[in-house]
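First chain A sits with chain B, and in the next complex the same chain sits with chain C.
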Partner chain A sequence: MHRAKRFFLRWEWLLVLLILGVFAFFSWKMPGSYTFPKLLDQTRVYMVDVGFMALGAMLILILGDIDISVASTAALSVTAMSVAYSAGSGMPFGAALALALAVGILCGWINGYLVTRFKELFPMIITLSTQTIYRGIAYIILKDQSAGSFPQWFAKGLGYGKIGSVPVMLLCVLVMFPVFYVWLHRTASGRRIFATGTNIVTARYSGLRTDRTKVILFTLNGLLAAVGGIFLASRTGSVKYTIGTGYEMQAIGIAVLGGASTAGGKGSVVGVLLSLVLMTCLKNGLMIAYNDSFILNLSIGVLLISVVLFPNIANMIQKRRQLRKRRVESAANL
Partner chain B sequence: MPFYTLLIKYREIGLIAIIALLIALVSLRNPLFLTGDKMLFIVEDTAVLAVLATGMMCVLLVGSIDISIGGIMALSAMVTGIFMRNALSAAEVEVLVDGVRTVATVKQSIPLLWLILIGMGVGALCGVVNGSIIAYGKVLPIVTTLGMQYILYGVTHIVSSAQAVYKKDMSEAFVNFTRSEFLGINAKTWIMLAVAVIMYAFVTYFRTGRHLYAVGSNAEAAEMRGVNTRRTTLLAHVIMGAVAGLAGLLFASHDTKITQDLKSGYELYVIAACVIGGVSVTGGAGRIQGVLLGALTIGVINNGLPMMRLTGEAEFWKKLIQGGLILIAVVSNVLMQRAMVRQNLRRRNI
Partner chain C sequence: MRKIVTLLLAALLVLTLVPAMAEETITLGVVYKQTGNPFFEAAVRGFEEAQKELGFEFIHNGPADSSNEGQIQIIEGYIQQEVDAIAISANDASGVVSVLQTAMDKGIKVISWDSAVAPEGRNLNIDPSVAENIGRVQVEEISKQIGGEGQIAILSAGATMDNQNTWIEYMKKELEKEEYAKIELVTIVYGDDLTDKSYQEMQGLIDSYPDLKGVISPTTVGVAAAASCIQDNGLTGKIKLTGLGLPSEMADYITAGVCEGMYLWNPIDLGYCAAYASVAMVKGEITGAVGETFEAGRLGTIEIFDDGNGNGFTIVGDPYCFTAENIDEWKNVY
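Right, the complex of A and B next:
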């Protein structure tokens, strides 16, 4: 009984309710134009590009750190990819893809190294400067031109391809999430990450190599950013140095909506997946209804705050009521 | 007094050395950089950043952070701009041109002081919302202000009905606000000095100001000493909001244009200025002098780079150099602190 109660009181159910609510609202408001197949089509925007970055952002948030350089990392790695491929140097596309991933890994490792070496500095400041640096390098490579002309299969197959009626991109994400779920929530190394984020001093005293965990996670975050960037490039078809600007805040927002906390030690893969679905439903509906990105941002902001605020308030009221009850009881005992 | 004890007492000296080094580097390449006029211009150009940074310091002191200041600036400038546009009227004023009295039409609107109060009021209101959600709703500051950033830009868009406020909608007094000079020094610099002095006095000599440090360094202990920690956090955000409102107006007057995405992304510069100036992001440590110097460092970088006469290929290196210099400034500050601590320990034979 107690276990069942705890299962239903989990954060994820709130997100499920919100998804159902949003879906019901828009299908009631715009019957016919807000349908499931259209929603599936829309998934490429939110669930893939931002999805990978949100997974990475969640990993970093579990550690209690923050990384705002992911969008720049993505930009730099796809810049490297597109230039290496289209510069006529004869590099095959597979190698260019590998180069993009390598650049992402390198960027992430630099972040991790700096964060662990200079513990006095807040990760936000380090990643703020690397954000400018990575995009600055992309700017040096590409100037203000755009590079592109990728092979056919990259755009047609990966970017806009479908298997049945399910976009290929979505399948890639749907494979990623179970892998991350098992790793993070069902293995010892996943538990170690949570331990590091909950209390880094205890974790170190318990014999965990916290610095190494951090560096590895930041590196992984860079890799995820590069993967997100590759998917983004396959959709846009060309690369400019401004690609993906502002994605880092969206990624962090989605991770927080999915139950991660900037204080560390909290986060859930299922939550991130659900909040991605929620965003997709909301974005699609609002774009059809208002076609206005500002309204969309406004509602994302309201959602982000209220989803954290209301459980907090409910919690506080409950605590106060318990306190009053205990006071009444102790007064009666006297 | 030995040099290192001086360094420990006034850690801003390290920052001054960095600024001097930067200035020296740029003037080696371009002697025109090291002139009184240029230096004054840099201070003038950095003034708004410094004003924002003093507000940000208050928020960082209590262990909070505000990344919604871009939205606050946009909203308060936009609301003020709309008030100004609606009250705009042409008035005929007698002016002296070459000793001859002539009648000129001057655009008039709500008096400047009222406009400033409206802007700061709207900003403070945003600060109240931020502060109450953080202090009383117990939502983490980054989450709250990230959400508010989205919300405020959205509200600005709705309030403006997707129309920017242009120079033709501004009163003469508002346009001249940031262009007027007193004793040969620009009004923005004076405003920065005034804000800095007020803030310095507030956080140094006033009890409420000292509470900001108390809450930031140990909230629990402060609470036990009878400090209302939640009200103090709220106050810090209100100060930040009011200051951001003022800064929004300064930007609006300087650019003679109020758009709905006014200065988006500027918050990161402001936080960088604070951190370079030695404000701890975990709260409880920071000084106005440091923050001003931190803002000045960024100002010197931003103004120095175009003076480096980088042409052709090198033009594209600016962004990289900007980020790299911020990183170097922050890291060298840390290394200097570590050296100081080591020196301290050695002196006490530990």
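Right, the complex of A and C next:
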């Protein structure tokens, strides 16, 4: 009984409720255009590129660190890709793709190296610097121009292709979740990551190679950023150095909404998936209900702060109640 | 808890069964480069004016950050809402082609206005004026202001914006003429239609080129930022300025002598014409082919010309010169 209660009190159920509420509200408000099949189409806008980055952001948050350079990493990766391919006159597209992934890995590794090598610096400051450096390099490569003219299978097949009524892109990102779930929540290596994030000193004294874990996860985060960038580029069909600006905050927001905490040691793959779905339902609904980019940004901010504050306030109320109860009891005992 | 979930699910089921209401009126989806830009607010007034005469519905939106991704997000939303036509001023001529092609596949007509989409991503393009004239008059004006000799620079918007690039090409061509032999175009910088970036770029020009005599800024955001930068540096009269500016934004600078003369066409007419063209295309009166004509209300009959590569485009009017003499009568109009 107690276990069942704990299961239903989990954070994820709140997200499920929010998803159902948001979906019900907007499909009541706009019955013609806000339907499940149409939302499936929209997932390529709201779920895919950010989805990869949100998984990465969750990993870093579990460690108790933060990485705000992922959008710049994505931009630099796809800039390298499009310049290397240079509309078909450069290297083969497969090689350009591999180059993009390699750039992502390199950017991520540099972040990891700096974070573990210079522990006195906050990861926030380190990745703030690399954020501007990576995008700066992308700007030096491309200047204000854009590059593109990707092969059809990439720009059409991947970017806008569908299997049945499901976008190909969506399937690509959905495959990641079971893999991450098993790895993080069901294997020893996943447990080590949580242990490192919960208390790094204890973890180190227990014989975990915490620095190595961190470097690996930052590198993986860079790779995920590059993958996200590649999917974004397949949708836009054109790359400019500004591509993906602001995505790092979206990714972190989704990870936090999914139950990760900046204090480390917390994070849930299911939570990230649910908060991605929630964001898709909400952003798309706001988008077509109000057709105003400012209202969209504002509402997302309000949702984030209220959802993040909710457990804190609930905790506060519970503690106060217990305190009062104890006072009443001790008064009765006197 | 379970009851609530069941209730919500039941509500959802009912809502998805409600058939979409049959739309009889034509709906247009208008996309512009960014929200909060007075030029596009004026263009929307043109759509509203046409709406009163033709009786269609229209929704309008632009990204908050003049990004390509933001425009794609908006276009995807319009496709979802099953608009009949999309009228867009593109931030990246090639960056919206893929998504607009999926729109056209669904039978949505695509008209680009102000800043063109690449021909494969649209049915018709509406230029505000003949591009060659726009380029020429600005070179004539700056030459007049600086006395026919000295260094000049161009402060543009985005390097991926088709209209800007075309005008700059024509400016360069004009500058090759013998009468401008003593004028040297030192550089072209890009402010991305963001006020702060444009201001910084203008400051950069002042710092890097001490002998700079004049600046052409063929964008309403850029020219206003440049004027304020020149004024802040106390260089009024030393660095001359012309470009394409909104009378309402530039009135003070024109009266103060920062900008002795600048050009613009009527953005209201531009929106008005785009609305008429969109409706004509949805009704099947035109297809966007070269040689067709359509009635555009108070603007009269408008013909579709060949852009030189067999693609249809049309023009609305001529650029008009604003100076200290006539600015007072225009500053309250747009």
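Quick notes on this one:
The criterion applied here is as follows: the second predicted complex is superposed on the first by the 329 of 334 C-alpha atoms of A that agree within 3 Å, B and C clash if a C-alpha of one lies under 4 Å from a C-alpha of the other, contacts with A are read in each partner's own complex, and residues count from 1 in each chain.
Here is the rule we go by: contacts are C-beta pairs under 8 Å (C-beta built on N, C-alpha and C of every residue); 3 or more make two chains touch, one makes a residue touch a chain.
In this text the structure is predicted, and so the values were computed from the model without any measurement.
Judged by the touch definition given at the top, the superposed model places A:330 against neither chain B nor chain C. Judged by the touch definition given at the top, the superposed model places A:256 against chain B, while chain C stays out of reach.
Of the two partner chains placed by superposition, only chain B is touched by A:308; chain C is not. Using the contact criterion defined above for the overlaid structures, shared-chain residue A:143 touches chain B and also reaches chain C.
Look at A:238: by the touch rule set out above, it reaches chain C but stays clear of chain B. In the superposition on chain A, A:130 makes contact with chain B only, while chain C stays out of contact range. By the document's definition of touching, of the two partners only chain C reaches A:20; chain B does not. Look at A:28: by the touch rule set out above, it reaches chain C but stays clear of chain B.
Contact with both chain B and chain C is seen for A:294 once the two complexes are overlaid on the shared chain.
Shared contact residues of chain A, touching chain B in one structure and chain C in the other: 143, 292, 294, 297.
On the chain C side of its complex with chain A, the touching residues are 1, 4-5, 8-9, 11-12, 15-16, 18, 20-21, 23, 35-36, 59-65, 67-70, 72-74, 76-77, 79-82, 92, 94-95, 97-99, 102, 158-160, 190, 192.
Against chain B, the residues of chain A that register as touching in their complex are 66, 68, 114, 118, 120-122, 124-126, 128-133, 135-137, 139-140, 143, 249, 252-253, 256, 261-263, 292, 294-295, 297-305, 308-309, 312-313, 316. Chain B meets chain A in the complex at residues 133, 137-140, 142-144, 146-155, 157-158, 260, 268, 271-272, 275, 281-282, 316-324, 326-327, 330-331, 334, 337.
Those residues of chain A whose C-beta lies close enough to touch chain C in the complex are 8, 17, 20-21, 23-24, 27-28, 30-36, 38, 41-42, 44-45, 143-146, 148-149, 155-156, 159-160, 232, 235-238, 240, 242-246, 284, 287-288, 291-294, 297.
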